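Think of it as A, B, C and D in the order they're written, each chain with its own count starting at 1.
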Amino acid sequence: MQGVVKRYGNAVALDYVDLAIYEGEIVGLLGPNGAGKTTLIQTMTGMVPIERGTIKLFGQSNNPFTHANKEKLGLVTQEITVYDELTAKENLQFFAGVYGLKGSERKERVQEALAFVGLAEYADKVPTKFSGGMKRRLNIACALTHRPKLLIMDEPTVGIDPQSRNHILESVKKLQEQGTTILYTTHYMEEVQEIASRVVIMDQGQMIKGGTVDQLIQSIQHEERIHIDVADTSLLPVEQLQSIAGVMHVDVAGTRVTVISTAGSGNVDRILSLVKEYTGVLGIQTENPDLEDVFLTLTGKQLRDGGGEA
Amino acid sequence: MKAAMEPQLYVHTWRFLMVGVLCHLWVFGQDLTNVWILILLLLALACLRWRFALPLWTVVIDVCLCLVYAPYTTIGYYGLALPVFELAVRGRVLIAVLPFAILFLYEATPGLLFLFLLQALFVGLFAWAALGNQHSYKLEVDKQRKARYELERVKLELLEASESASQQAELMERYRIARQLHDHLGHDLTGASLALQAYVHMQEPEEARELLEEVQKRLERSTVNLRETVHNLTPVARIGVESLENVAQQFQYAAIRFHRSGDMLLVSAYQWTLLEACLKEALTNVARHSNATQVRVELQVTASIVRLLIHDNGTMTQPSLAGSGLRSLQMRARAMGGSFSISRDDGYLLVCVLPLSKEGAG
Amino acid sequence: MTVFRFVFLRSFRNTTNLIFLTLFPLVCIFMPQGDPWPVLPYGYQLFGVFLLFVSIRLASYIQVDRMSGVVKRLSIAPLSHASYLSQHLLAYLLIIMLQCVILVYGGVLYGQPLIQPFLLLILYISYSLAALAIALAWITLFRNKELAFFGFMSFVFLVSVLGGIIVPVSMFPEWLARIAVLFPTYWLAEGQLWIVYGNELGDFLFVNVVLWLYALVFMIIGSTRKLR
Amino acid sequence: MRILSTVQFTGLRMLRNYIVLLLLLVVPILLITVFSFILAGVETETGEKPLHGVVKIMVVSFQLFGGSIVMSYIQHEFFTAHRMRLNMIPIRKELYAFSIMMCGTVYSILLGVILMLYSQFALGIPWNWAWSIYVITLMAILSSIVCLIFALAVRSFKLAERLSEVYGVGFILLAGLFFPMPDNAFFDFMGSYGNPLMLAMLSIQAIEQSNAGEAWFTANILLGAVVLLFVLMLVLGRRRIG
């Protein structure tokens, strides 16, 4: 898509956005709430019309949302969009049917999709009996029966257990190996870090920065995180910690203090001795930067603070 | 609400309002039940226009319906307000006036009907103008934003060019210093050094004393020369972190805490300019718009980046987006491969990060 | 026609729904005849109110689709919104028609004085089309299923009283009788009057056309595709 | 006295439940207004206005549905959403249930009184205040108890809800408000002394005709039903809650 503008009322939701997704990639789309991620997805799937600019889908730029093109698109919605009255299998049959699959082919694809997300044993159960993770997996399976070329996943892992999440991430990787292109939005940086081949960061309806995970981390490389578990956080000299040279951010949560500091400045020692003066240290751990820190460094705000709606 | 200002909303509301007026006429008139069909049909058309952009010729249907019913009921005449309005909304004033001719066929007091059609015409024209305005306004805004982005792109290239120019200048300057040192000091110091070597092997005390004097003279001259060269090279203006500190110190509107860390010499001159501009802009904003009492300024230099953070405790949040000053700073920061962000969630927070690179441009 | 088939599957999965859908027409058949009003047995009068309730129950499936985001998902599938809606409405109409058939022919078998059962069936079908459209338009106004349902319930009470299903229009004062005409329920009562007393087929057709027009208007309003 | 502190919030929740307000206050007001328009000029040969009876029976009949408020709150607190939490809280559960029931009943009576006020001052329908409120109170308590019995006796909430609707609509039907009931002993009984709605109406009418004996008699039947069902409710409640 190129130079896309979209307004809601007088508010500009997308402001001359350019984005290209190439075949076989997993693109991670990051951005705080209200950055325009959802609008971006809605425009690129033709759910809402755009005001300016062009959208090119599978090489077709005028009227890209033909039925033939839509057959190659898949969407995993943020909400769990399955029918509660129908069993897992019937849900899949329904969505497969909408995409024009029939007879034995549909049967096969449904079985395949069920097996793919690991729900084959639960084919004849209704989703109301499922756990959160299983519902999510079913939600994903519903977008797979027609084997989309481009799969858009809008926060597919909100609110589920780690096991299901790993399962989902594995499936996403597997899909990519099978040749599916994937656009993945999420609030969880570690997910993007794990699977995305390229990351795009959005803010206020504009693209801020793009590149591979490594490139982005490289740009702020020389930073580290120091987690210290202490006996009593109320005694902590937060002000003094902040005034140590090279310390960029101090965060206290529970009994854990997190300090973001310049790498190689020998600060670990300094911070530790300062903390020790005031309270007992129970444990310490240092961490190299991840995408979360990229975002924090670039904008000074946390990516995930609101959670929920994107 | 912003939505309340959408002219399209008023157009839809007016249509349904007019159908409401027709209903009112029907309820309090003496018409037969059959006439109710006319109102329903007109309502259906209004609904269709609400959902879809019907082509203009569809008003012919409205007109025909009204004319068919006109001999039996006055609602047929009043219903003409709808097509009149549709035509006016599309700017076809002359055609919109045509239905007024129907007044001559109308036996009862035509005054009220005339006024009714007239208001439809005027409301329609007004909506037409408003819609047109809105459209051209949007077009203009988009065009301007686009132009600005183009401009920014050009600026970006210019900035990159100026960055490399400044690096060139730096190299030239180094070369000049080297030559000056070589020309003024090198000669005398080499001479002194040679003389001292000769002095070691000297037998005659008289000659040796002369030689020593010579060496002393040369060294004195070198010292003077060195002092002069250095004096000539030292800039009068404050540079680097000093100038930043200076800016901070002269700020009087709020208590300011300046805190720096790292090796300031790693930062290039052109980056100092930007950092200074950032600080000035932020402090100006504090002074002008904010009710902050405390400002925290942090400057951190690491091996690879320099990060400037300005944070105040003001509570006045301005909804306006990045102004032109901030935007240009953002562009310049990006041009240097860095980033620039502002947030107003908790006081005013400005973060500018620039990469440092030892070799060439980042 | 996948959507069409699965609409049936969904509506019949719910057993209370099934009981609700079949039991009521059966009960209506056995309700007594009033004197001098209404012109048809009471069950046939109340069935008009009941159809409105059935419509909102069925239409709430579409609302659930809209709220849960299924519509979003389907909007990127190769399926136009018009065909989504029409397949739903067609399926619902079939379900309602089945009830009408049970009611009318059950009544004939039981021996209720229905005068012209076939035309009565047609009247019911026209009316249920309008009722479905009204329910569809109604649910587009609400975000919450519960609120939409209970709001509709209140709406139905008022419309059936004002439309002359619970109380005969002939009892209304002059001005209220004219307002009654604005409600679709009035036309059901009017059509039933024709079934008993009318003789010109044109009048009956007129009643049906009005009901179809109601259906058209409300269907246009209800056809908006809401993506939250 | 921990229970007392919850009463305030139960009350607040009820006042902010707009669906209940819509169904039990706005709809009846609209309906009786419409009926007052329809029946405005109608008079019987004896000079009575049928409007008065219709409005009164409507005000009373909406009390039949008042119990569903109590039922849904009890369901929410004791059987579904808050079940686990409630088990953990150190209060006497039967007292809490009782306080919810009282709140719901008082709320229902309050809505009834608002309807009476409206009909008296906006539509000019004369009420015998003290007695009518007494009868309405009895109706509200009865309806709460009946709905609670449904909630306690049936496992599925949906079914209990349906049953409470059947209770309300059923007695209105049996009273012959929609259409006349068949003429036999069973329906005769259910259309008079076997029907709480008719008992309440008979009682209110009797007091208006200064027939105190009849009024007390019918009201006492209601009271008896309340006491009987209350015992039944206690037995059931001990099994499910206590």
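The rule is short, and it goes like this: a residue touches a chain if its C-beta (ideal position, glycine included) is under 8 Å from a C-beta of that chain, and two chains touch if they have at least 3 such contacts.
Quantities reported herein were computed from a predicted structural model and do not represent experimental measurements.
*Asks:* Could you name all chains that are in contact with chain C and with chain D at the same time?
*Replies:* Chains in contact with chain C as well as chain D: not a single one.
*Asks:* A-B versus B-C: which has more C-beta pairs touching?
*Replies:* Most C-beta pairs in contact, of the two: A-B.
*Asks:* For chain B and chain C, let me know how many angstrom lie between their CA-based centres, rounded off.
*Replies:* Taking the average C-alpha coordinate of chain B and of chain C, the gap between them is 55 Å.
*Asks:* From the C-alpha centre of chain A to that of chain D, how far is it in Å?
*Replies:* Centre-to-centre distance between chain A and chain D: 53 Å.
*Asks:* Centre to centre, by mean C-alpha position, how many angstrom separate chain A and chain B?
*Replies:* The mean C-alpha positions of chain A and chain B differ by 28 Å.
*Asks:* Could you grab the centroid distance between chain B and chain D? Build each centroid from C-alpha atoms only and quote it in angstrom.
*Replies:* About 63 Å, centre to centre.
*Asks:* What are the touching chain pairs in this one?
*Replies:* A-B, A-C, B-C, C-D
*Asks:* Which part of chain C faces chain A closely enough to touch in the complex?
*Replies:* Per the stated touch rule, the residues are 2-3, 5-6, 9-10, 13-14, 68-70, 72-79, 227.
*Asks:* Can you name the residues of chain D that touch chain C in the complex?
*Replies:* Its residues touching chain C are 18-19, 22-23, 26-27, 30-31, 34-35, 37-42, 158, 162, 178-180, 182.
*Asks:* Quick check: in the complex, which residue numbers of chain C touch chain D?
*Replies:* Against chain D, the touching part of chain C is residues 16, 31-32, 34, 42, 46, 146-147, 150-151, 153-154, 157-158, 161-162, 166-167, 171-173, 176.
*Asks:* In their shared complex, at which residues does chain A touch chain C?
*Replies:* 42, 45-48, 67-68, 70-71, 73, 75, 77-83, 85-86, 90, 94-95, 97-100, 142-143
*Asks:* Quick check on the complex: what are the chain B residues that touch chain C?
*Replies:* Residues 23, 26-28, 33-34, 36-37, 40-41, 43-44, 47-48, 50-51.
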